[in-house]
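As structure tokens, here come the structures.
Okay, so chain A shows up in both of these, paired with chain B first and chain C after.
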Partner chain A sequence: MAGSALKRLMAEYKQLTLNPPEGIIAGPVNEENFFEWEALIMGPEGTWFEGGIFPARLTFPTDYPLSPPKMKFTCEIFHPNIYPDGRVCISILHAPGDDPMGYETSAERWSPVQSVEKILLSVVSMLAEPNDESAANVDAAKTWREDRQKFQEIAQRTVRKSLGL
Partner chain B sequence: MAVLYLQAFVFIILLGKLMRKIFFGQLRAAEMEHLIEKSWYAVTETCLAFTVFRDDFSPRFVAMFTLLLFLKCFHWLAEDRVDYMERSPVISFLFHTRVLSLLVGLGAVDLYFINHAYYSTLLRGASVQLVFGFEYAILLTVVLMTFFKYLLHSVDLQSENPWEGKAVYLLYTELFMGLIRVILYVLFMFIMIKVHTFPLFAVRPMYLAMRAFKKALHDVIMSRRAIRNMNTLYPDATAEDLASSDNVCIICREEMDTNCKKLPCNHIFHTSCLRTWFQRQQTCPTCRMDVLRLPRPQPPTPPPAQPAQPPMPPNMFQGFQYGWLPNQQPQPEVPPGQSSTASSTAPTTSTTNTPLSSPPSPPFLPPMMPPSPFMPFMYPQPPSSMSGLSIDELHTMEGEERSNIEARIQWLRDIQSLLDGAMLLIHQYNTVATQCSMPGVRIPNPSNTSHSNNNTSQQTDTKNTADVTLNSGSLGGARPKTTSLSNNTKQSSSPVKTEKLGDLSNLGATGFTVTKEEIIPEWHDPRKEEEEEDLHEVRKRRLQKFSSTEGTKADNIDLD
Partner chain C sequence: MAEGALNYDPSKNYDDQTCAQQRDIEKAIADEQPLVSDILSFDELKTEYQDDEIFKLKIDDLKGRYKHMRKTRGDGNCFFRAFGFAYLEQLLNNNTDFPRFKEIASKSKDELVALGFPQFTIEDFHETFMEVIEKVEKKCTNEEFYQLYTDQGISDYFVVYLRLIVSGHLQKEEDFFIHFVEGGRTVKEFCNQEVEPMHKESDHIHITALTAALGVNIRVEYMDRGDTPKCNQHDFPDGSRPSVYLLYRPSHYDILYP
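After this line comes the complex of A and B, so read on.
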């Protein structure tokens, strides 16, 4: 049998396929490699990202449930907690120990209890409620804080772009 | 010359592509990324090496370095490929053949070059061959490591269940290889500094090797500690534990049947999963409790709460007629006769204004008051069933009841001392009264106390009080009787009832106070002047004593 990381990823894939959470689709890019996933996240309703469908890439380490995966949006998305290159900055994706922002307690960090589904749901709620305390994209955080109108415009533009319009 | 270089370069690239096709097939994106990233570092380091050996610079020298770089690329790819074994659900036969042949080929080439470097160094003295020899030695460790990993993964793939020992073996292999690499780098650094100059190009890989070694060492130590902890501190999960939880290991998301451990926080995991996690983090994956911080595991389940006192719900005094505990909150639904609850919290309230503190309670009371307020055994029965209460509730309840009971005992002690004082007082009073046979104070005759007095109505209650005191004194002063006797007069009885015996002092004091003010004038009998003074003296002392006792009682209340 294959390694435990693979087994767990397969189990999670099965779970996500059988009981997909609303607004989230995720699965391996190809069935040969379960350590690269593609996820499609719908912009939550009633937010600036409503209507958008944002693709992201999840990369799992070989020791997966012990170390967190990396998540990176493969589309343009203007959000205070997403780096300009698309990497997602949420605390549960940070392994305990390294603290890029210097504000998280270890209780917010990665642990094997987390799962792909939880990560994606966290990302959805992050889209709905940006946390400008720990900005990954400083421009976005500044705009979000000072000029909501402009932020909305940019967000709407990325939404249209994500739909290929 | 340039054309030759260019041609060689193109040739090498083509050869590389061919080799890649043979041994790897299509490269994955991640592999390509790693390759390019590492190549940049390698090229930079090669350029740095050129500066050290600028004297030996020749086409042959360049070719050697290019070949080294070329082989390095394949080593990295082989490493990545073997790592990929862990990720892929299906490993084809072709994959095994390719990896095996590649590893054997790389190992052979490395060995050949090491051999070559060794002999050339021996024959011609230290030269650039030293660097190559060393580089290939390092590459050989990479090959060995990769091969070992490959073996472990293959064994793992063969078996049906995840192989638990694999992680441990991997850890020790990494530690061992890390050690060899660090030794090699240190040796190399030492020789290079002696023979040539400081090998700047080797600093980065040396640093990385040392860091990897340190990490491997740390991992091994942590792993050992985790395993030791697991074996000694944490009990195996029993079948009941598994049945009571949802039976899925949160780490691997699989069913747990055997080989499970239970942490002090009651979370259950596979032993193997827990071990791998403990190598990284010494916390419970679910609740993040630090497992190393606890020197001893707590008992798996806290012992069921068995309070020493019968636990009572906090509101059990609701129906308690004579709720008088100082820390008892006055209940809103207290019946009129119970207004003492409020006044007892402020016992210093003057009892002389009896009409205030004793509302129309007497009509509701039977002629003989039940002695219950003073008898601890009259506590209401605790609720029969505790099963509906959680352990926490029971704990808080126990805590409350304990403090209540302590307060109660304290009060009873106070009451006892006050009673003793009152008895003493009564006896003295009695003696004095019989000796001088004062007109206002008679030898007790309970039946006609209130009628027989010929004083003004204003003085009635004063004398009643005195009578009561005398009565009780004559009756031996048993506490309950004192209370019951207080029924003789409505007004004087109310302080006793409402203030409890704790305020009997007040009763006595009241008697004295009033006597001093109103009765004493009547006692102007020149013959009894001395006795009067004695009486005065005694009264004063008693009053002082009582006021001080009052003070301590008030303190107690504050403390409560």
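After this line comes the complex of A and C, so read on.
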């Protein structure tokens, strides 16, 4: 099973290298282990996170793509759909039925035809449009809902921090 | 109540705990049930229903009409797993339908790509699907076929591809199937949530789409709680001559041999 997972991950890596989506760089941490990836995501233009470069880790199960990977930001990021420890909480990282947050019925789910690229693009949209209905960081959701000014200040601080400023 | 028993602790990783628990349950089922069992007699099936007079009568009804059965693993993929095994085993023993089926199978990938499925994510599944079909074409022994089809990696990829064929057919015939999709979802959303992911159980709509897409007719014998002594039959499509026979017990499909 790990053989087919490896084959698929290599194909996805090739695909992402040949046609990289805007604002995203991703690939295995080292070529010895294709089941551990690092991604760099640029904060989308015109959003609170514009200008930031946010590193994350993707960890793939041996039965990928039957099951989805896990994704975790390795930098500080204050966002309603990211746990305080960096784990990303969006519907595409979960198969239906496996539902810790009770995602809405129209939310896109993991299936074997999804891909790393689809996940990363969903993460970019999540950065642009937080969903405070299924909050992983209650504090961030509350600030997002009630005090946009403060949310913006915190977001911009993490942007500067992500650039090492 | 013990202090903190129900307190939500945001620093804890409940996600991973939920997933780990899910995996444990899947593993327990996998250890107990083969993907596809050996041939079983209906008397063996009866041992599951010692105190159930209605189900025992229904099993007698099956016994009068079928020779034996095979069970499949109850992992949510049972309909697809049962269908694939039953149909390929039949092709192995009588290949008159083979050329027609192989042509549909080979062409199906391009049709999925034309429907918008990304080629590089469906390629591996189609490749495995065709490999299994080609083994059948080369007349492997029944034992070799059984070994191949019960290899978890190969079998799961075969199931994924059958799911994609169903998804493709539902999306192609969207105008018709939209009337059968529940929950105010689009056909595409339904496919993303109820068809394409592994372990999602199948319903009439999946069976209808699969029979139509592959041109293989299925008869399902329903063994339910109704108090008639016989199983209800349903043929997909209605009035067709079936070539695959399945037994349905609440939430589960097994294979029947006429």
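We take it that the second predicted complex is superposed on the first by the 158 of 165 C-alpha atoms of A that agree within 3 Å, B and C clash if a C-alpha of one lies under 4 Å from a C-alpha of the other, contacts with A are read in each partner's own complex, and residues count from 1 in each chain.
Operating definition for what follows: contacts are C-beta pairs under 8 Å (C-beta built on N, C-alpha and C of every residue); 3 or more make two chains touch, one makes a residue touch a chain.
From a predicted model like this one, the values you see are computed outputs, not experimental measurements.
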Should the superposition on chain A be reported as showing a clash between chain B and chain C, or a fit? clash
Could you look at A:Val113 and tell me whether it touches chain B, chain C, both or neither (first, second, both, neither)? both
Determine, under the contact definition given at the top, whether A:Leu6 touches first (chain B), second (chain C), both, or neither. first
Applying the document's definition of touch, where does A:Leu163 land relative to chain B and chain C: first, second, both, or neither? neither
Examine A:Cys89 and indicate which partner it touches, taking first as chain B and second as chain C; both and neither are also allowed. second
Per the contact definition in the header, classify A:Pro65: touching chain B only (first), chain C only (second), both, or neither. both
Have a look at where A:Val138 lands relative to chain B and chain C in the superposition and call it first, second, both or neither. second
Would you check which partner chain A:Glu31 touches, where first means chain B only, second means chain C only, and both and neither mean what they say? first
List the residues of chain A that touch chain B in one complex and chain C in the other. 1, 3-4, 7-8, 11-12, 63, 65-67, 95-96, 106, 111-113, 115
Contacting residues of chain A [partner chain B, same complex]: 1-8, 10-12, 31-36, 59-60, 62-63, 65-67, 95-96, 106-107, 111-113, 115
Sort out for me which residues of chain C touch chain A in the complex. 10-11, 13-16, 18-19, 22, 117-118, 120-125, 128, 152-153, 156-157, 160, 164, 183-185, 189, 192-194, 196-200
Going by the contact rule at the top, pick out the chain B residues touching chain A in the complex. 28, 30, 83-84, 86-90, 153, 156-157, 159-162, 250-254, 272-273, 276-277, 280-281, 283, 285-286, 288
Would you tell me which residues of chain A are touching chain C in their complex? 1, 3-4, 7-8, 11-12, 15, 63, 65-67, 70, 83-85, 87, 89, 95-98, 100, 105-106, 108-115, 137-138
